[in-house]
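Consider the two complexes below, in which chain A is the common component and chain B and chain C are the respective partners.
For the complex of A and B:
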C-alpha cells in the first residue's frame, strides 16, 4: 500500500497522510487538463469542426492557455453579494467532489482511505456539492443564479434516490460497502464483473445479467443528473438561465466550479466502473502476472481504471453533444415516476433472488 | 388571513443568449409558471422607414437588406416588386428565374438558422452547427454571385446587379443533391428525437382561429394548419410556373399548432424550396439581366402595396410616390412584428423554460421588428 510505504519512507504519519491524500488532487488536475481539451475535441469532431488547433500541436496546450487566462482574470464580485458565502461556495463545491475521490480505489495498492463504508461515504460527501451550489446561487443575488441553484438542488437530491437504490442492490449481492473489496471481488476476467452477474458461477449469474444491465442504466442516468450533464443540464441551461448558479463568478472562482464539474464527471464514472465493470481490474488478466513482474500490476490497474473512467466520461460527452435538454418538470417526472419505481422493483427482484 | 403573495418580475433580455437579438421580455412569474409576458421592442430601431424618404428608390435597397438580415434576398425582392409595380415595367424572363432561385436559397438559409438556433435553444448544440455548415454553402453561392454573404444589394429595380457566375448552375445543382440527405440527418438528430418532441409538442399551441385574428403569417400560420402561402395564393414573380406543395402542421405528436408543428413546417418547406430550385435551374433561359434596369427611377404619382412570402411570413411594402426621385413614404409590414404579438397568449400557463421554446418556434428577427 502506498500510504504504508510513505510512512516507511518519511517515518512521519502526518506527512505520509498528507502526501497520500494529495495524490488524487494531482490526478484530478491532470485529468481536468486532459478532459477539457478532450471534450472540446470530441464536440468539435461530432460537429464537423476541428476544435482548438492553434495552441500547440492540434491545440494540445489549449487548456493550459485557458487556465492562464482564468488566473489573470479580475475576480469580480458584485456589490450586493453575500461576500462570505460567495467566496466559500466554489471551495465547498470542489471539496465535495474531491472528497469523493478519497474512497475510490485507483489500484489495488492505492486508495485514499480504505474505509468500510466507502460507498456510503461517497454518497454523503457528494451531497456537500448541493450545499455549495445553493450557497453560490443565493450569494450571487441574481435571479437567474437563484433559479439555477434551486433547480440543481432539487435535481441532485431527487436523483440521489435511484442511485442509492441501485447501490443498495449491489450491496445486497456483494455484502460489502467497501469499494476496495468490491473491486477485489471482480478480479480475473471480465465475466467476473458485476454487470455480468458477479464472480460466482451458477444459475443466478444468468438471472442477474438483465437486472444488472437495468441497474447500470439507472445509475448511469442518475449520475448524469448528479453532475448536471445533458440531457439533465437544466441548472446550467444556458439558453434559459445564462449559466445558472455560476453566472456571477469569474476568474479562479469560476475555474473552481469548472474543475469540480470535471472532477465530478470522473468521480461518478469511476464509481460506475467500480460497481459494475470491475474498477481497476483488467478484463483479460494481467501482463505482470504472466511475465512474473509484480511491480507492473499496479500500473496496469491504473491504466484500466483510468481507461474505464475516461470511457464513461466520453459517453457523457457523447450524450451531451447529441441530446437536447429536458424541461425541469419532465426531469422530475423522469426521476420520480420512472427511475425510482423501476429501481425499487429491481431492488426487490435482486433481494428475492439473493435470499433464494 | 391569507398571506400576501407577490409575483416575481423577471426581465429576460435585452442581453440574454436566447432572445434572438435584443428583445426584452418582461415576465410575470408565479414560481416557474408564467402569468404574463410583455415584449419590449425597439432596441434595434434604425428609422428605416424615415430614412427611406430621404433616399432615391435604388438607394433604399441596401436598407431593406438590413431589416430581416437572415433573409435579405427576400426583402429586396419584395421592395423591388413593389417599385416595379409602381413603374409598370416588364422584366426579362431570366431575371425572374434568378430572383426565384435566390429567394428560395435564401429561404433555405434562413430556415436553417431558425432550425439550428431552435435546436440550440432546446439544448442540442450539434444540429446548430450542422445547420450553419450547410448554410455556409448557400452563402458561398451568394458570394459567388454578387460578392456579399449577408447583405447583398443584389436584386435591383428592373434586374439584378450581376448575372450568374458560369459555374453557378452546376454548383447549385450539386448543392441540391448534397442537401437532401442533410435534411434527413437533421430529422434523425433533432426532429424525431424523443426529448425534443417532449419539449416542443403540446407547448405554445396557436389555434388557427387565433393565428388568423392576430394576422400571423408564414410558417407560424401554416404550423396551425392553415394552408396559406402567397407564392400560391397570391402568386408573384413566376412562382405559378413551379410545382410545389405547401406543408402545413398536422399535430403529429401533439396538438395542431404547437411548437413542434411550426418547427416541422420549416423543415418540410426546405424540401419544397429545393423542388422549386431544381425546376428553376433546369428551365432557366438565357438573356440579359440588366437590359430592363431604368436609367432614372422616377415613378409616377401613386401608391402601391405589394407583398411577398418571406421565410418569416407575409412581408408587405406600401410605397407612396409623389413623382419625385425619393419615395414619399415607405411602410413595411413585418411578419416577425406580427408574430411577436402572440407571445403573451402562447406563453401563459407554461414554464419559464417553455418561453425559450416558444420564442424560438415563432422565429423572430429583431432587425425586422424594430426596423
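For the complex of A and C:
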C-alpha cells in the first residue's frame, strides 16, 4: 500500500497521510482539466462542430486558459448574501464529492482509506453535497438559485433510494461493503465481473446476468440524476433558472462548483465500474504478470481504472448531448414509479437466488 | 400493466436510437469553417470595399457624381501643357492632376453605381470586407498618389501658369490694343492722304 511505503520513506505518519490524501486531488485536478475539454469536444463533434480549436493543438490548452481566466476574475458577492454560508457552500460541495474519493480503490496498492463500510461511507459522504447545494441556493438570496437548489435537493434525495437498493443487491451477492475487497473478488478475466454474474461458476451466474444488467441501468440512471447531469439537470436548467444554485457565484468559487461537478461525475463512474465492471481489474489479465514485472501491475490497474471511469464519464456526456431535459413531474415519475419498483423486484429476486 | 412495460420499452429503445444517432454524428466531419484561417470563396460579383487604381484615373468626376450618398470627394488640377501625364491602360490621355480622391467608406452603401460610369474602369469593388476601425476618421480612404506638397505644388504651378497665361493674354491684349491704336493712328494719318489723293 502506498500509505505504508510513504511512512517507511518519510518516517512521519502525518506527512505520509497528507501526501497519500493529496493524491486523489491531483488526480481530480488533472481529470477535470481533461474532462472539461473532452466534454466540449464530444458535444461539439456530436453536433458536427469542432469545439475549441484555438489554444494549443486542437484546443488542448483551452481548460488551462479558462482556469487562468477564472483565477483572475473578481470574487463578486451581492449585498444581501448570507456571507458565511455563501463562502462555505462551494467548499462543502467540493468536500462532499472529494470525500467519496477516500474509499475508492484506484489500484490494488492505493486506496485512501481501506474501510469495511466503504460503499456506505461513499453514499453518506456524497449526501453532504445536498447540504452544500442547499446552502449555496439559500445564501445567494436569489430566487433562481433557491429554486435550483431545492430541485437539486429533491432530486438527489429521491434518486438515492434506487441507488441504495441496487447497492444492497450487490452487497447481498458479494457480502462485503469494502470496495477494495469487492474489486479483488472480480479479479482474473472479464467474465468474473459482477455484471457477468460474479466470480462464482454455476447456474446462478447465468441467472444473475439479466438481473445485473437491470441493476446496472438503474444505478447508472440514478447516479446520473445524483450528479445533476442532463437529462436530469433540472437544478441547473439554463433555459429556466439561469444556472441554478451557482448563478450568483463567480471566479474561483464558481470553479469549485465546477470542479465538484466533474469530480462527482468521475466518482459516480468509478463506483459503477467498481460495482459492476471489476474496478481496477484488467479484463484480459496483466502484462506485468506474464512478463514477471510486479511493479507494472499497479500502473496497469490505474490505467484500467481510469479507462473505465473515463468511459462511463463519456457515456454520461453522450447521454447529455442526446437527451433533452426531463420535466419535474417526469423526473419524479421516472424515479418513484419506475426505478424504485424495479429495483425492489430486482432486490427481491437476487435475495431469493442468493438464499437458494 | 401492459402500458407500464410498454413505457419502459419505448423509453429505453428511444434512448438507444438517440444515442446511435449522436454516436454516428461523432464521426461526421464538422461543418465548421475556421473563419480567419479558412475562408469561403466569395460570390463572383460580391460588392465590398472600393479600390481606385490611380494610374488609370483621369479625374473625370463621374463616379463622385454617380454616388447616391456622396462619399467620393475628388479635386483636380489641370496639368501644364509641358507636363506629360501618360496614358491610361485603355489609351485615354490623362490631362488632370488628381490632387484629392477621398472615399469615405463609412458612408458607402456598396451600390456599385460609381463603378459603372467609370470610363477607364479604374474604380472597382475588391474582395476585402474586413476593415473595421476604432476611429471613424480612419475609414476615409485617400487614394491620391500625390503627396500634399506635390499637390500644393501642382496647384501653384497651375495658378502660376494661369497668371502667366493671363499676363500673356493681357500683354497680348495690350499689344493688340496698341497695335490697334497704332493702326488707327496710321489710318488717320493715311486717311487724309487718301482723301487728299481723292481730292486730287
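Just so it is clear, the second predicted complex is superposed on the first by the 356 of 356 C-alpha atoms of A that agree within 3 Å, B and C clash if a C-alpha of one lies under 4 Å from a C-alpha of the other, contacts with A are read in each partner's own complex, and residues count from 1 in each chain.
In this section, a contact is a pair of C-beta atoms (placed from the backbone, for glycine too) under 8 Å apart; a residue touches a chain by one contact, two chains touch by 3 or more.
These numbers were taken from a predicted model, which means no experiment stands behind them.
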Message: I'd like to know which partner A:147 touches here: chain B for first, chain C for second, both or neither.
response: first
Field: chain B versus chain C as contact partner of A:327, first or second or both or neither
entry: first
Query: After lining up the shared chain so the two structures overlap, which partner does A:233 touch, if you call chain B first and chain C second: first, second, both or neither?
result: first
Task: Mind working out whether A:318 is in touch with chain B, chain C, both or neither, as first, second, both or neither?
output: second
Which of chain B and chain C A:53 touches, first, second, both or neither: second
Residues of chain A touched, compared between chain B and chain C (which is higher): B
- prompt: In the superposed arrangement, which partner chain does A:253 touch: chain B (first), chain C (second), both, or neither?
  reply: neither
Task: Return first, second, both or neither, reflecting whether A:45 touches chain B, chain C, both chains, or no partner chain.
output: second
Query: Do chain B and chain C land on any of the same chain A residues, and which?
result: 46-49, 321-323
Sites on chain B touched by chain A in the complex: 8, 10, 16-18, 32, 119-126, 129-130, 133, 189-190, 193, 195-196, 198-199, 351-356
Task: Going by the contact rule at the top, pick out the chain C residues touching chain A in the complex.
output: 7-8, 12, 15, 18-19, 21-23, 25-32, 34
Statement: The residues of chain A that touch chain B in their complex are 43, 46-49, 143, 147, 230-231, 233-234, 237-240, 242, 321-330
Query: Okay, in this complex, where on chain A does chain C touch?
result: 42, 44-50, 53, 217, 318-319, 321-323, 338, 342
